[in-house]
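Paired with chain B in one complex and with chain C in the other, chain A is shared by the two complexes that follow.
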Partner chain A sequence: MIYLISVILSVLGFVGIASSQSFIGFIVGTQILFFGFSSLFVFIAYGGGSQEPGLAFGIFILAIGAVYQAVSYALAARIYQRSNRVAISDLKRIRN
Partner chain B sequence: MKNGSECARWKKWNNSEMDVLFFGSLAVVFSFGAIIARSTRAIFWLLWLSGLALGCTYLSIGSDFLAFIQVLLVTVSGVLYFFFGFLHSHQSRAVEPRKFIVSLLLGLVFLALLGFGFSGHALFSVLPNSNLGLVQLGQYLVGHQFLSLELMGILLFVVIIGVGVLARR
Partner chain C sequence: MVLAESIQHFPLFVGAFALAAALAFLQVLGGKRFRAFSPWSAILGMALLLVAACFEWHGMWVGGMAAFVEVARWWQSSQSHNEVQFGFFIDPLGILFVTFLSLVTFLFLAMSEYRKSAPVSPLTSAATVISVVGVLGVWISATIWMAYLGLGIFLIGQVFWGVSQSSKNIEESHFFERSIREIFLAMTLMVSGSAIAFDSSGYQRLDVYKVEVVTHALVWGKALFLAGIFVGFRPFPFLGWIRKLPPGALLQRSFIFQHLQGALFLGFLVRTLPAIEAVGLRQVGALIAVSLSLFSFTIGLFQRSVVKSFVAWISGGYLLVLFMLFSTGPRQAFLYFTGVLLASLILSRVVSEKEQPGETKVSATPIRFIVILGSILGSGGVCFVGTAPLMELFQSLQAVSVELVLLAFGFFLSVWLVWKVGIQALERSALNTWTKGAYVIVALWFLLGLAVLWTGSLSGGLLWGDFDRVGSAWILSYFAGATESFLDHPRFIRATGYYATCLILGIGVAYGLRHRWTILMARFPRFWAWGEKVLRLDELGQNGLRLLVQGAYSIEYWLAEKLIHFAAPALVLKAVVSMSRGIKLSDIGFLKAIDASARKSIQFGSRTLQAVQNGDVQWYVLMATASILVLLGYYCALL
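Coming up: the complex of A and B.
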């Protein structure tokens, strides 16, 4: 039952990413996906014998999630400066 | 006497599992709200609450350090999102019903794939009641995951510079 929480969070994140039209929705969905996977590692570690690997990988996933958030918000600010909105389709505009 | 101590231990296990289930369910509910919410302010609050609930889940299983990182990360991210929300607050984040249904179907396929991946493991399990100290975790990270730790540090450093450059151009 406890792993199901992580699985549901991951699926919700996936649905959020797939259904989003705005770049912000994409960021929110990915953050929820990161929540799901980091908690999955932690719960698996606590359900199994040794806990250190799961906690370590949970920390790594959270850190990568933080990196992803920072880059995403910088990109979103850049998109907004260019096109005055934050749609995924506007990502191509900042290529040049 | 022995039966009494075993009974108390089982009670503690069950309490811990109930806490995890409660806070985990809260995280799921708040995350779902963040996905379907339309206003920026609601998304910010729901995502922050979801992260906090997940932090409480980690606290319930005795992982204080991870809970601290989770709460710190979600708060910083929430503040970023809150300030960014002022920039594009006029833009609606409406989700098309048709696209949402297709995404939901894709999510169900993803769920089936995850279920297939977990078919060898027990999805329904009871948490053992064991706490891992911060010193042990630090020793494990430095002793067994030193390369990953260093790579993570370098990645964070590069990203700090990259984000600065990206935002300044």
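Coming up: the complex of A and C.
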């Protein structure tokens, strides 16, 4: 049953990513998505799986997620500097 | 006594309590609309309690007089002494008390309706009902939490009562503020003491309490508990409130501040008696109670005002009740309590007539009868309910000479004082406030006080061989222990001798000194003045406390002044100011540095990323998700 929490979190994250026009909303969606996945590993590890690899994967995903957040927020700051708003469509404009 | 652990049925009068209390609260809080029904809703609440108690009697009669306990666990934890349990202990004594007190309060409220001189406000009667509900809650408590609940309800009733009275004038409000402070003190001491003493060894039910280890906490708790008991019974040092007692208010005030409080604390003690015995408080408590009662009676004898003597007598009488509880048991205490309560209700009706100086009235014959019978009832005289416990006490205490002497002396002083009050009251009571209804209620009180109703014996167990027993009273099936003490003939005769001597001596002294007492008072005014002055002793404590608080305030004020004007600028303030300046400077610089470096690093990172990324961030997420899923598959294959 507890895996359902992870699944719900991941689905929420996906929905957030798909529906958001704003880059900040996109970042928040990704954050939720990564958190959902990492918690899934943790739950499986404690629910009877082999613990060490599960926890290691969970932490790995969380770390990747954190790096991804940092990169995304840096990009968001850059977009805001350039166009005074934070929309996903602006990402292509600031390319090069 | 058989204790049935299981729940036989839900005690009906618990529901009646709730209903009566709800009625009373509605009356207090409901505004004018509900007050229009008053005070009949208060009387209705009492009647409800009475009817419920009668049903309980029926149930108990059918169930063979077996007490039963119903305990509801409210919050349970792994350790038993952390439980909060509310339990009802339904035994014949408890139901008897519920019946008795609701009947007396019912009649009291009804009688107040007949009074012309001091009409009772709806708030007052509602507050009385709330207080009574609190008292009865304590009387049927099986656990200490239930007893605390009763105390709390009682305190609410007292506060409402004070509020209902204090609107009259500033002096009244001071009086109630003080009395509520005192009862709050008593309750705090009792609750904290009992919580420490009874909880330190882990307890669940009060009727099966045992002490396993004697700890320091137990000793401290005992001391606090005992102090609380004695403050609650309002013995001598707490009698100062009668100094400013207006004569018309005697009936109301002694009902609230003496009878109901006495009943409350007596109930608390009756229910915690096994625990008190287990922690070894009984003998100490008995000695303190009888000594304080002697003191209260003596104070009463030296009062000029009949009202003050009377109030001191009630206080001493309740302390004698306490002594009986500690030295023999709840049954005797209950019987004597009944006598004192009924006699004081009857007599206060006469004593509270307004005093008119310079005018001596000779009372009419019915009033004479009432006063004489009331004095007999109050002094535990023949044929009334006080006889039986006194006789039993005189028999059982013959092995303990100190307590026997103290009891005999206390009984003698009690008789003397109540007859002195009665004789004084006879000289100045008039008939103008007595209506037929008042007569009927006083007659009912006399009926309730007859020994035959409670013990089945006409004389109250005064005659050897018990040949005046007119049949086993139905209450007697619980009070059956009374007959066992009639076995030892010489001991019985000695007890009768002590009883009769004290009674006759007391009445004789009161009658013989009725004029000489006032002459003596006039001849030795300084000696007699101590009786008045000694009542101010409690002010000594209060003034001392006030001085202490004022002293503390002034010291604190002085210190604060000196610090702010002289020491602080030189030492403290400069240091603080320079420190804060330093912090401010370094703070701003630090923040600026952090700000700048963060901005630079982000700008650098984002510029680099700007060149690296292609704009389709969704694809990054998709790829990341896909790689996570691959990881998940790999992990699941590991399992």
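In this section, the second predicted complex is superposed on the first by the 95 of 96 C-alpha atoms of A that agree within 3 Å, B and C clash if a C-alpha of one lies under 4 Å from a C-alpha of the other, contacts with A are read in each partner's own complex, and residues count from 1 in each chain.
By definition in this document, a contact is a pair of C-beta atoms (placed from the backbone, for glycine too) under 8 Å apart; a residue touches a chain by one contact, two chains touch by 3 or more.
Since this is a predicted model, take the numbers as computed values, not measurements.
Student: With chain A superposed, do chain B and chain C clash or fit?
Tutor: clash
Student: Quick one: is A:Thr30 in contact with chain B, with chain C, with both, or with neither? Answer first, second, both or neither.
Tutor: second
Student: One more residue to check, A:Leu9. First (chain B), second (chain C), both or neither?
Tutor: first
Student: For A:Lys92, is the partner it touches chain B (first), chain C (second), both, or none of the two (neither)?
Tutor: Touch partner of A:Lys92: chain C, not chain B.
Student: Quick check for you: in the superposed arrangement, does A:Ser83 touch first (chain B), second (chain C), both or neither?
Tutor: In the superposition, A:Ser83 touches no partner, neither chain B nor chain C.
Student: So, does A:Ile61 touch the first partner chain B, the second partner chain C, both, or neither?
Tutor: Only chain C is touched by A:Ile61; chain B is not.
Student: In the superposed model, does chain B or chain C contact more residues of chain A?
Tutor: On the superposition, B touches more of the residues of chain A.
Student: Quick check on the superposed pair: does A:Ser39 touch chain B, chain C, both, or neither? Answer first, second, both or neither.
Tutor: first
Student: With the two structures laid over each other on chain A, which partner does A:Val71 touch: chain B (first), chain C (second), both, or neither?
Tutor: Both partners.
Student: Clash with chain B: which of chain C's stretches 132-140, 366-374, 384-392 or 600-608?
Tutor: Given the superposition on chain A, chain C and chain B clash at 600-608.
Student: Just to be sure I follow: which residues of chain A are touched by chain B in one complex and then by chain C in the other one?
Tutor: Shared contact residues on chain A: 44, 53, 60, 64, 70-71, 74-75, 77-78.
Student: Going by the contact rule at the top, pick out the chain B residues touching chain A in the complex.
Tutor: Of all residues in chain B, those touching chain A are 17, 20-21, 24-25, 27-28, 31-32, 34-35, 40, 43, 47, 50-51, 54, 57-58, 61, 63, 65-66, 69-70, 73, 76-77, 80-81, 84, 87-88, 91, 93-96, 99-100, 102-104, 106-108, 110-111, 114-115, 118, 121-125, 127-128, 130, 132, 136-137, 140-141, 144-145, 148, 152, 155-156, 159-160, 162-163, 166-167, 169.
Student: What does chain C use to touch chain A in their complex?
Tutor: It comes out as residues 602-603, 605-607, 609-611, 613-618, 620-621, 624-625, 628, 631-632, 635-636, 638-639.
Student: For chain A, which residues are in contact with chain C within the complex?
Tutor: Residues 17, 23, 26, 30, 33-34, 37, 40-41, 44, 48-50, 53-54, 57, 60-61, 64, 68, 70-72, 74-75, 77-78, 81, 88, 91-96 of chain A touch chain C in their complex.
Student: Across the complex, what residues on chain A touch chain B?
Tutor: Touching chain B from chain A are residues 1-5, 7-16, 18-22, 24-25, 27-29, 31-32, 35, 38-39, 42-44, 46-47, 51-53, 55-56, 58-60, 62-67, 69-71, 73-78, 80, 85-86.
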